[in-house]
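Both of the next two complexes hold chain A, though its partner changes from chain B to chain C.
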Partner chain A sequence: MDIFGQPGFAVLQGLITGVLTGGIYALIALGIVIINKASGVFNFAHGYMMLLGGLLFWTFFQNQQLAPIVAFALSGALLAILSTGVRYPATWTRGGRVAFISVAWAASGFILLQTDNLLLRAIVGTALGTALLGLLIERLTIRPLISQPLFTTVMMTLVVGEVLLGVTQLTWGSVERSLPIFATTNALGLPQAYPPIRIRDVLGGTVVIKTELLIAFGIAVAAFTGFVLFFRYTRLGLSMRATAENADLAQAVGLRVRAVLAVAWAIAGVLAALAATLHGSSTALAITLPGLALRVFPAVLLGGLESIGGAFVGGLVIGLAEKLGTVYFGSDVGEQLIPFVVLMIVLVVRPSGLFGEKRIERV
Partner chain B sequence: MSANIRPSGVFDTTYTQEMRINRTRFDQILSAGFLGVILLLPLLSRSGPFGIDLVQPGFIGTVERIAILMIAVQGLNLLVGYTGQITLGQAAFMAVGAYSTAILMRGGVSFWVALPLASLFSGVVGLIFGLPSLRVKGFYLAMATLAAQFIIPWLLRNPLAPLTNGSSPLPVPRADLFGQEISGLSLYYVLIIACLLAMIVARNLIRTRTGRAFVSIRDNDVAAELLGINVFAYKLRAFFVCAVFAGLAGGLLAIEARSISPDRFDLRTSIELLAMLIIGGAGFSQAPIFGVSVLAILRETLIPGITPTLQEWLPRLLPFVDSVNINAAIAPLIFGVVIIAFLIIEPRGLAYRWEIFKISWKLRPFSY
Partner chain C sequence: MRTRLLAFALVFALALVSLSLGQPAPTAFAQGGMMRTECKEDLTGKTITLHTFGDLSGPFAPITQPLAAGFADALKYYNANGGICGAAITLQQDDTAGRQEQTQSLYQRYRAFDPKPLMLLLYSSADAELLREQVADDEIPVFLFAGSTIGLYGEQADTPGWIFAGIPLYTDQFGAFCRWLGKAWTTDLGREGSPKVGHLSWEGAFGRSSETAETTAYCAAQGVEVVGGEYFLPTATDVTAQINNLVSKGANVLFTTSLASGTALIAKDLVTLGLEEEVLLSGVNWALDSSVGLLGQATFKPSGLPSTDNIYGIMPYIWWDEPTDGTKLVQEQFTANQRPLTARGISYLAGFGAIDTYIELITQTVNRVGYDNLSGAEVKKTFETFKYDALGGVFKYNFAENVRAQNSARIGRLTYARGADGMPIVVEVGGNKLLVPVVLPVTTEFETVPDLKPGGADVVN
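On to the complex of A and B.
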């Protein structure tokens, strides 16, 4: 059976792969939207944060030994986040807070240095490392630019990307690396991918679904849901939304606006690493990963710059458009042209996106 | 934004004086001297007629590339610095100019016909991607030009591949002048004169009605509309001029490099051009001189100079660094740090500092 001149199973394959990769795109878009919501800065460096985060995960996951100084630095990041970013329940005494921070610090240090479970160590280490990265970027490059024109902040995030690229190349080089986290070990002790799921005889062919991609999609959706709940029900999430709505008013009711901005960058850093890891587990970690984030920018604009739900819809739409475009016109059109054509259409037809705030001035 | 403070006793009595670029004798001597040094440079190198070995031949190449990039950055300055629109697609417009020149010349058209045609064509392409400025501004416009930065190289790589050689380099034939091939010394003078002409055109454009309209759109677009300026038409004009300058730079780059490929005109090139503008000082007509010189000398002289030392020392200081990677990593790292420092410490750029310096020099020994 043919659908618009292409065999039906190929179109179905495109649809399924599109939705599954769209989940990862949504996670990338969420990282960009969170920063934009909190501080009004569009983070062009997100792709480079992803690259660094993914390679950090790879390092923790592969290396057996970890220098104590690295573990110490990363636990220090946890300490910084817990002592500045989190707003504790009012009933907690000072002693209770100190005890909580100390226990968390000790636990993370123990996991980083002692555990044999590489996956757990990689998750803790990468989360702390990328949160630290986000905090550093915010403190060193974005905060000094308060009250500067838009052009300066755009330029700054572009250039931060260059610096992160330099750091990445200095440390890891530009070798492509596989990240077999969703895999079993075969008889030789080498990682082996799970067999893909095959659906036979659908619409005149076999549809193949990569198991890693399916798991990655599941984790992406779970993480996305987690963040939506975080923004709706937790104190920190609510104060982030309040800051995004009106920073002056938020400050007037006693929210610590600067801490909230710092935490937004830390969360975006963790999200970037998560998206890179999920993407890397289904393909590989390559130096071209920042290009993926560029293709997600249209998703952010399509969903609306401030809309978290929009990020999800936008990610899925771009994923679908890319994969279906690949089925119909080949991968050079699907991956290199279609996202940017979508971007142009969004800008001309509805610049505020599907769910964004309508505040575009026309002169 | 030029210096309005003059030494005591210097007054304008006529309109001509008011409109002069070089107001004082000292300014005239300075600019004539600068021009003289630039024009004499190749004569003092080993390949020059006198055989004096004062200037490294490699440095002449650096000056040639500075001249080319200055044209592109001046175009960007007109659009970003004077009109206040953001574009992330300047390298793509350079690619249009470079490829049009190369394709026309390969088809047998003379370089002197191909270059203006290519610049104009690049301007028309710029107009097309400037059209979203009717509906959106600021950040959204940056996104639209980002789309240009991806769509144009895609067109060059895929559908136009029979003409452009796709992703592989496209060789460019030699240009000729009065029957002589342009190379070496004559190439240097062609590039310098083209750059000079472009600078003069840009400097004079700013002093016209159009230039004043550009500045008024940058400063307050609603007020500009109320003053009777057709904001959209002038924005489009700014896009056109910007892309024409980019196309001119691209065409000159094609005959200088003799071979072009789409990788030369990627997003990072666009960012670098913007960085040159920021370091130079957006909204100052001297910005390209400062910005391009600083970044080009950093890239072509300083970074190759310190790389061997770093390759020896950095792996000792930081055990996780492999000296093989330093070569690729050092350029983005140093560039990034320099530009971040400028954005934080002096976002108005070197040209602004230069104005401040000139004013305080004129007012010496008093501080006001």
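On to the complex of A and C.
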């Protein structure tokens, strides 16, 4: 059965794969939007944060013992910064905070030291490492530029990206790495990816759903739901929105603007690693990964620079446009042209994106 | 009188013969086990630099970093074994990060060196195409480890330039594959019907280089139909749509011009779609690299072997596991320098071979014109008649005035090492289990690849 001249099952396959791939795009877009929402900065370093985060995950996922000093230093450094710099929730007593941080430090340190559950170790280690990375980027490169022209900060993100690329090259080299996290162990004792879900005899053929993409999509949806609730109902989320709206005013009413900015970068770091890991699990962790963030810029602009929901919809639309475009017009048009044509059309009709805030400046 | 003249001629001839017999052996000597041309000049105390730049940190990094490792180990080895006629070899190396503006910038710097580089070593089709006219103007020959027709022969493919390639042109590689495929389809491969090939490659000059009107026509003449091409970016997460498009056009063979993760992604998505038996995966020489075999181990076929098992492709060199003096030497140095399994691929071999080739090129040039007259122009002259088996035959070069690329190859197959019981050998590297990728020759003899550049000798009209 054909749909507009193409085999129905191939169109359905494109539709499903487009949506699922769009989930990963949406996660990448979310990381960029969070920074933009908190500080108004378009973060060109996001792709490089992804690369470093993905490689960090790969390192923790390896079946190798971590030196205790590294494990406790990593968990301790992050928690120390959080305890002195952020202090949320503000209602906590000093004793309660110290107790919580001590327990968290010890627990995360021991998780990093064990090798029985490598996935758990990788999740904890990467979350700590990339949150720390985000905090360091903010503290060392972004905070000194507060009150400087926004363009300067944006340029700084480009520089940060190059530095991160250098760090990853020096530390991990350029060899591509597979990341079989959604896998079982086969007869040879090697990790084997979960088999895809096959739906036979649909619209004249077999439609396949890649398990790892399906899981990635589920994680993306959960992350988005969490962030929507976070920005709507938590004190920190509301502080971030207020800071993004008007940092001076937010500071005037007692919000800790710098801490808010720091948390935004920490969250972006974790999201970058999450997106890289999910992408890496479906292909490989390669040095080309930062290029994926560039591919996602249309999704960010399409959804609207400040909109969490927009990032999600933008990601899905670009994923769909790519895959359906490829089915109908071939990859030249589908992958190279259509995402940008869709973006152009949307920006002409709605310059602030599908869900972006329309700003009216009164003279 | 006549008798006297004959006697004089006889004595003169005998004198010449005895003089020639008294000369030392004419041309060859062993350098660390490898035979090469003997030096006529002793260059001890001098230094000769090899200049190279390329993408060490961009999309090509997975192959160029092992290449750089090969350079480093080969330099160490050859410098310890006499260098170039006693001269020490040094390496001037830089990273373009895969950016053309950086390539141009580095070239500006290199061309300004005094003296100019005797030769540049490049490994990107795009870099070759960018610099083709400039290196000709500056008289700097280039040894390229890629196969770009435009880079070697120009837009019209009618002007052999200053760039010489260490592997066959990608067009010619595809032609050679079609020639084999046409013959082997029903016999060796045991397939039914006729072979129909779809190109599925990386977007860009490299990826698109095999799909030309000339290759399509040549393949048709070999009984192989080319049904079309689809391309994807190195960052792609999925290529099922591209595969479906090609299969719906009738493709039962996919041919890829991509590197490690690109080829591995195609192999994985063929298994995802359940087409791993129906569609044969093949590609240019890079498709058979160990990097592909290592990445392919995340997805397994129903047969229990990785998705990248049984990829066919072009093999213009001897592989690591074939017992020759050259591969033995490279393996020894690889082990001595504690290189990881991930570097045991084409690139390391090529890096080692490139240094060996450079030594021979400069030696032959010095022998011809003398050290004081060494220049890029003279090295190019040597290149134009350069017949040399680098690393004792691991790479076979046969350049001529109008032949700018290595032009012989076998067909190879990427698979995994097996034990005596037939089971794949599992090794543990850094606490993780891995299968060991190997490339087996499918055809035993090196055959000349067809000349399929526009206007080439084998182009079918």
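As a working rule, the second predicted complex is superposed on the first by the 331 of 363 C-alpha atoms of A that agree within 3 Å, B and C clash if a C-alpha of one lies under 4 Å from a C-alpha of the other, contacts with A are read in each partner's own complex, and residues count from 1 in each chain.
Note that a residue touches a chain if its C-beta (ideal position, glycine included) is under 8 Å from a C-beta of that chain, and two chains touch if they have at least 3 such contacts.
Remember, it's a predicted structure, so these values are computed and weren't measured experimentally.
Asks: Would you check which partner chain A:Asp332 touches, where first means chain B only, second means chain C only, and both and neither mean what they say?
Replies: both
Asks: Of the partners chain B and chain C, which touch A:Gln148 in the superposed model: first, second, both, neither?
Replies: A:Gln148 sits against chain B, while chain C stays out of touch.
Asks: For A:Pro351, decide between first (touching chain B), second (touching chain C), both and neither.
Replies: first
Asks: Per the contact definition in the header, classify A:Arg121: touching chain B only (first), chain C only (second), both, or neither.
Replies: neither
Asks: Identify the partner contact of A:Lys37: answer first if only chain B is touched, second if only chain C is, both if each is, neither if none is.
Replies: neither
Asks: After lining up the shared chain so the two structures overlap, which partner does A:Lys210 touch, if you call chain B first and chain C second: first, second, both or neither?
Replies: second
Asks: With the two complexes superposed on chain A, say which partner A:Pro196 touches: chain B (first), chain C (second), both, or neither.
Replies: Only chain C is touched by A:Pro196; chain B is not.
Asks: In the superposed arrangement, does A:Gly173 touch chain B (first), chain C (second), both or neither?
Replies: Once the two structures are laid over each other on A, A:Gly173 reaches both partners.
Asks: Applying the touch criterion given at the start, work out whether A:Gln62 contacts chain B, chain C, both or neither, answering first, second, both or neither.
Replies: Second partner only, chain C.
Asks: Which residues would you name on chain A as touching chain B in one complex and chain C in the other?
Replies: 165, 169, 173-174, 332, 336
Asks: Give every residue of chain B touching chain A within the complex, in rising order.
Replies: The touching residues are 80, 86, 88, 132, 135-140, 142-144, 146-147, 150-151, 154, 157-158, 221-222, 224-225, 231, 267-268, 271, 274-275, 278, 282, 314, 320-322, 324-326, 328-337, 339-340, 343-344, 347.
Asks: Which bits of chain A are touching chain C when the two form their complex?
Replies: So the residues of chain A touching chain C come out as 7, 10, 13-14, 17, 21, 24, 62-64, 165, 169, 173-180, 183, 186-193, 196, 198, 206, 208, 210, 213, 279, 282-284, 286-289, 291-292, 295, 323, 326-327, 330-332, 334-336.
Asks: What residues of chain A sit close enough to touch chain B in their complex?
Replies: Chain A reaches chain B through residues 42, 140-141, 144-145, 148, 150-152, 154-156, 158-160, 162-163, 165-174, 294, 297, 301, 332-333, 336-337, 340-341, 343-344, 347-348, 351, 360-363.
Asks: Would you mind writing out the residues of chain C in touch with chain A in their complex?
Replies: Contact set of chain C toward chain A: 56-59, 61-62, 64-65, 203, 230-238, 240-242, 244-245, 248, 260-261, 264-265, 268, 272-274, 291, 294-295, 297-300, 304, 340, 342-343, 423-424, 426, 430-435.
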